[in-house]
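Here it is, the structure in full.
Which chain is which? They are A, B, C and D, in the order written, and residues in each are numbered from 1.
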Amino acid sequence: MGLPPEFLELAASVRNWGRWGPDDEIGTINLVTPEVRRRAAASVRTGHAFSLALPLSEAEGIQTGLLPGRINPVRTMAQINEPILGDREQVCTSDDLVVMGLQCATHWDGLAHVSYGGHIYNGYPADTVTAAGASRCGIHRVRTLVSRGVLLDVARARGVERLDGGYAVTGDDLDAAEELARVQVQPGDLVLVRTGQMSVLHERGGRSRYPAPTPGLSMRSVPWLRAHDVAAVATDTLTFEVYPMERDDVFLPVHMLHLVDMGLTQGQNFVLDELAADCDDDGVYEFLLDASPQPFTNALGSPVNPAAVK
Amino acid sequence: MGLPPEFLELAASVRNWGRWGPDDEIGTINLVTPEVRRRAAASVRTGHAFSLALPLSEAEGIQTGLLPGRINPVRTMAQINEPILGDREQVCTSDDLVVMGLQCATHWDGLAHVSYGGHIYNGYPADTVTAAGASRCGIHRVRTLVSRGVLLDVARARGVERLDGGYAVTGDDLDAAEELARVQVQPGDLVLVRTGQMSVLHERGGRSRYPAPTPGLSMRSVPWLRAHDVAAVATDTLTFEVYPMERDDVFLPVHMLHLVDMGLTQGQNFVLDELAADCDDDGVYEFLLDASPQPFTNALGSPVNPAAVK
Amino acid sequence: MGLPPEFLELAASVRNWGRWGPDDEIGTINLVTPEVRRRAAASVRTGHAFSLALPLSEAEGIQTGLLPGRINPVRTMAQINEPILGDREQVCTSDDLVVMGLQCATHWDGLAHVSYGGHIYNGYPADTVTAAGASRCGIHRVRTLVSRGVLLDVARARGVERLDGGYAVTGDDLDAAEELARVQVQPGDLVLVRTGQMSVLHERGGRSRYPAPTPGLSMRSVPWLRAHDVAAVATDTLTFEVYPMERDDVFLPVHMLHLVDMGLTQGQNFVLDELAADCDDDGVYEFLLDASPQPFTNALGSPVNPAAVK
Amino acid sequence: MGLPPEFLELAASVRNWGRWGPDDEIGTINLVTPEVRRRAAASVRTGHAFSLALPLSEAEGIQTGLLPGRINPVRTMAQINEPILGDREQVCTSDDLVVMGLQCATHWDGLAHVSYGGHIYNGYPADTVTAAGASRCGIHRVRTLVSRGVLLDVARARGVERLDGGYAVTGDDLDAAEELARVQVQPGDLVLVRTGQMSVLHERGGRSRYPAPTPGLSMRSVPWLRAHDVAAVATDTLTFEVYPMERDDVFLPVHMLHLVDMGLTQGQNFVLDELAADCDDDGVYEFLLDASPQPFTNALGSPVNPAAVK
């Protein structure tokens, strides 16, 4: 059936293919220049630090079995206080291992996570993704991702605890949140969009209601992110984009536009409430943010423990 | 047979049990205060960034099967360009998962990784580590680990490409490297000790020779780290401490002293050569370093992608 | 609080500790002698074969996350039609791997799966189970498990499609089913007890209702199995024994009596309906049964694909 | 470059595509009829049982990292004597899980494991193997595999402990071994070809020398297996077929001929020495053999614990 013309026009208007050369594999992360990192460091004032990651464990995991292989982290023991010399007075070691979906918790979608029309970002063929993983645009290409973070608290800007399920965040919403933040989003920034949806997780039975319906970014927010040349964008939701979808004739449009057209790495399940409360307290919505992925070779995504320092 | 008196005396002299209260689970990481993080941010000058992590993959993994369960990352595909709507013109997704030993590559040893005499750090019973993991001192307690990093390039300070296998790094060596670095290590700093050992990995057959013999920290470096109150320390070796051991009557003494007595989180397999070359070039050996672990609940350790920004 | 006297008396009356020597690790499986296997082979008449195993897959898995680490089989691809010589006209190979709880589907509980009062079967200390697994009574000790199988169709004997949730199968029930089967259970036989509970799985939402409430074996069936000296016993339920329990003051009594006291290996989630229909058709309830576990060294249990030949 | 004409001619001459209908997914296993199973049962005389499987464990595993994802079984603990009621006098449970390559130890190659020229068995397109596994010819289609087993002890027939590395087993060798066995291989039999190669495993450093060079089946044995219409064939080697290969211009020819053309399921790393000694003792080389795979849905292969009863 193909994609509707409105989508294709939008895609063409935001596409970054070739912008950083034909061999580029990291897209908008190219915008994180040394100068941007210096700006990031300069944004540190109080020295308070925030971890924006969900716990990694089976019991606390947020996956409910909807996607094959995207399992919660199962961490098990290989050794428990094993006396290396056979003497418990001397050194004993404990060791563990984990199996997990790389996108099961707080994570980045790598650029190869999604394709459409036979392509991933920069026009690479979709079939560069094989059983060996993504030979192009693997998450390990990112190396580090340290920049200035800006919290765009759309929920607070709209005066609600959390946006309704199905609420489509638009460019106007991002403008309003930017105004609330009293900071100008600049090229290379890491933008964190808060919807408040994660609070659903902490309600009774919330794990099954957290994924959907959900507020989220929409096709109408994509041009804003492109115009501001953000390096990466993350939210406090599981689906990242609004669900149910805005249109019946296109599925996961924001995933396609961000990952495939713009080369914009996107993050999900970022824990933003504690940081947001602090930003509301002191009125400062910018900070140093390190959200470097783990360097899984040829991976489609990566868990991340984003560390914000205000 | 128990531990020799010299070890026990040293242990008593560096022990931090109770220093941060009876309920403390993170030890010297308490030294990373907001002020320390501000100092860290202030150390950024050029904005150049360095990833200090080894690649995470089966083919590039450094484990050779010596320890049960400490397997190299095996990342496999759960979905490859799966057309969600059954139409390849529309969105197709790829997904992967991984199984890995948590301490298989560049990683932090958590404080519960080692016990002796029935105790882990802060005097907690060793049997707080069970099949459910470390109910005390799990790596998730750390939350974030962002501080000033200081590279102590012991190899360069001694005028060699790499220290010999079996070379025991002492406090005097750290003094010499600090002098080379023209920076004073201060409380809360993250200290990276470079031995040059990782270059073995890149030699033919190097994977089997990288673990041992190896240079590394020794009992004679422990008082230095205690006196300087570093928050955490990492090296470019697999065993962390010198091997063969300094004494026949005590095995892994530095592990015991750091993890159990001092509550000093220690890192292994940090990739330091590129960073060291840059430090040598511009003579600046301090930088912002985010080495936050992944928040695996009750884990004994964690992979880490340390991001240094100079 | 300890265990009630009635339980302890029953335990003493069925206990097999020492019966096959102080070093025995397989319990009643000792009863499968060469003569028993010849009897098994002699029971083959039609040559029709039945697999009694549930499918091993993530989508079809019956686990719902109640027990840590007991995950459904996640099978993923390591290679897909990889052309070894780089030429698709020549040989291409595909390869997969799996992660699974060893007791997630149709499986045997090994004798070390359960302990009470500090002991496992034969009086071995419970702490012979460590992070390295069961150094005593590991499932690999079984080697093969081929014997005569006898289907005791308790549901049919009681004239119902399936027994009610909470129905406690007794020795009288087994007598009635044996009478229906017109076969005498003999020492060394593998007894399959059909309750009909597995049909719940195929109902809408059945996966969550299958575990409990459930019919199952009860303390009142234990003496029967002991008196008949069966080699192993399996059912078509997840919990194996009746749930809710018969008494408030003892939990999983049948597990304790079978595994710890009798050394009776017990199986769960055996698929019995097709076999039962065939037995009802021809009136023959005995067959050759190979239910050899997979030889996981020191494992607590094992998946099994029981093959019955009538 | 394609395949040489000699191979293509041989392939055409043994091909079973369509023989059991256009929808067949199990190939020669169709030959295991009820009558064959009755013959199998009738071959039981002494009742002695043999497990033909290697142990499943990390320490004892035979994989050395040559193939991605084909890892030795890593079995770890999820629970160790966990007191369900919080009371160690009452029931305590231990639980484990495993991650393993499905073809890492004693296993069957499923028919979809290999393709060439764009096809798997029965002419199904090779791309029926996807990230979701083998939608055609998955190992779960086999259900049960119980038949008469016949040991063809080629090593003994040639008067050696083990065949030399690189020795290509031919149809004449199989004739000689059949003569030694004094049994006629019949349609539906499971044939076990003993080379003696597994004894290499038990030598010092044997794990690395076991895979190759190795004796094994060759193109010159394929017509014999086709003519005798065996249901499945297994050996005591890792590569199954002779290595180094017989010809430079075709790689893994026997894999292609068996799996793709004949639909002949083939087994590797079968432990045959104890069984062979028994056969030599009593002169009886036939037995009941259950080698049913584990029913992994859509899997490319399966571990197996073959149980032979003489």
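Everything below uses one rule, namely that a residue touches a chain if its C-beta (ideal position, glycine included) is under 8 Å from a C-beta of that chain, and two chains touch if they have at least 3 such contacts.
Since we're looking at a predicted model, the values are computed, not measured.
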Chain pair repeating A-B, as identified from B-C, C-D or A-C when over half of the contact pairs by residue number coincide: C-D
Self-contact between copies chain B and chain D, residue sets same or different by half: same
Distance from chain D to chain A - Cα centre to Cα centre, in angstrom: 46
Distance between the centres, which are taken as Cα means, of chain D and chain C, whole angstrom: 26
Set of chain B residues in contact with two or more other chains: 59, 68-69, 71, 74, 76-80, 94, 96-97, 99, 130-132
Footprint of chain B on chain D - complex, ascending: 58-59, 65, 68-69, 71, 74, 76-80, 82, 94, 99, 130-132
Of all residues in chain D, those that touch chain C in their complex: 1-3, 32-38, 40-42, 44-51, 53-57, 59-60, 67-71, 73, 75-81, 84-85, 87-103, 112-118, 126-127, 129-131, 133-134, 140, 143-146, 250-252, 255-256, 288, 290, 292-301, 303, 305, 307, 309
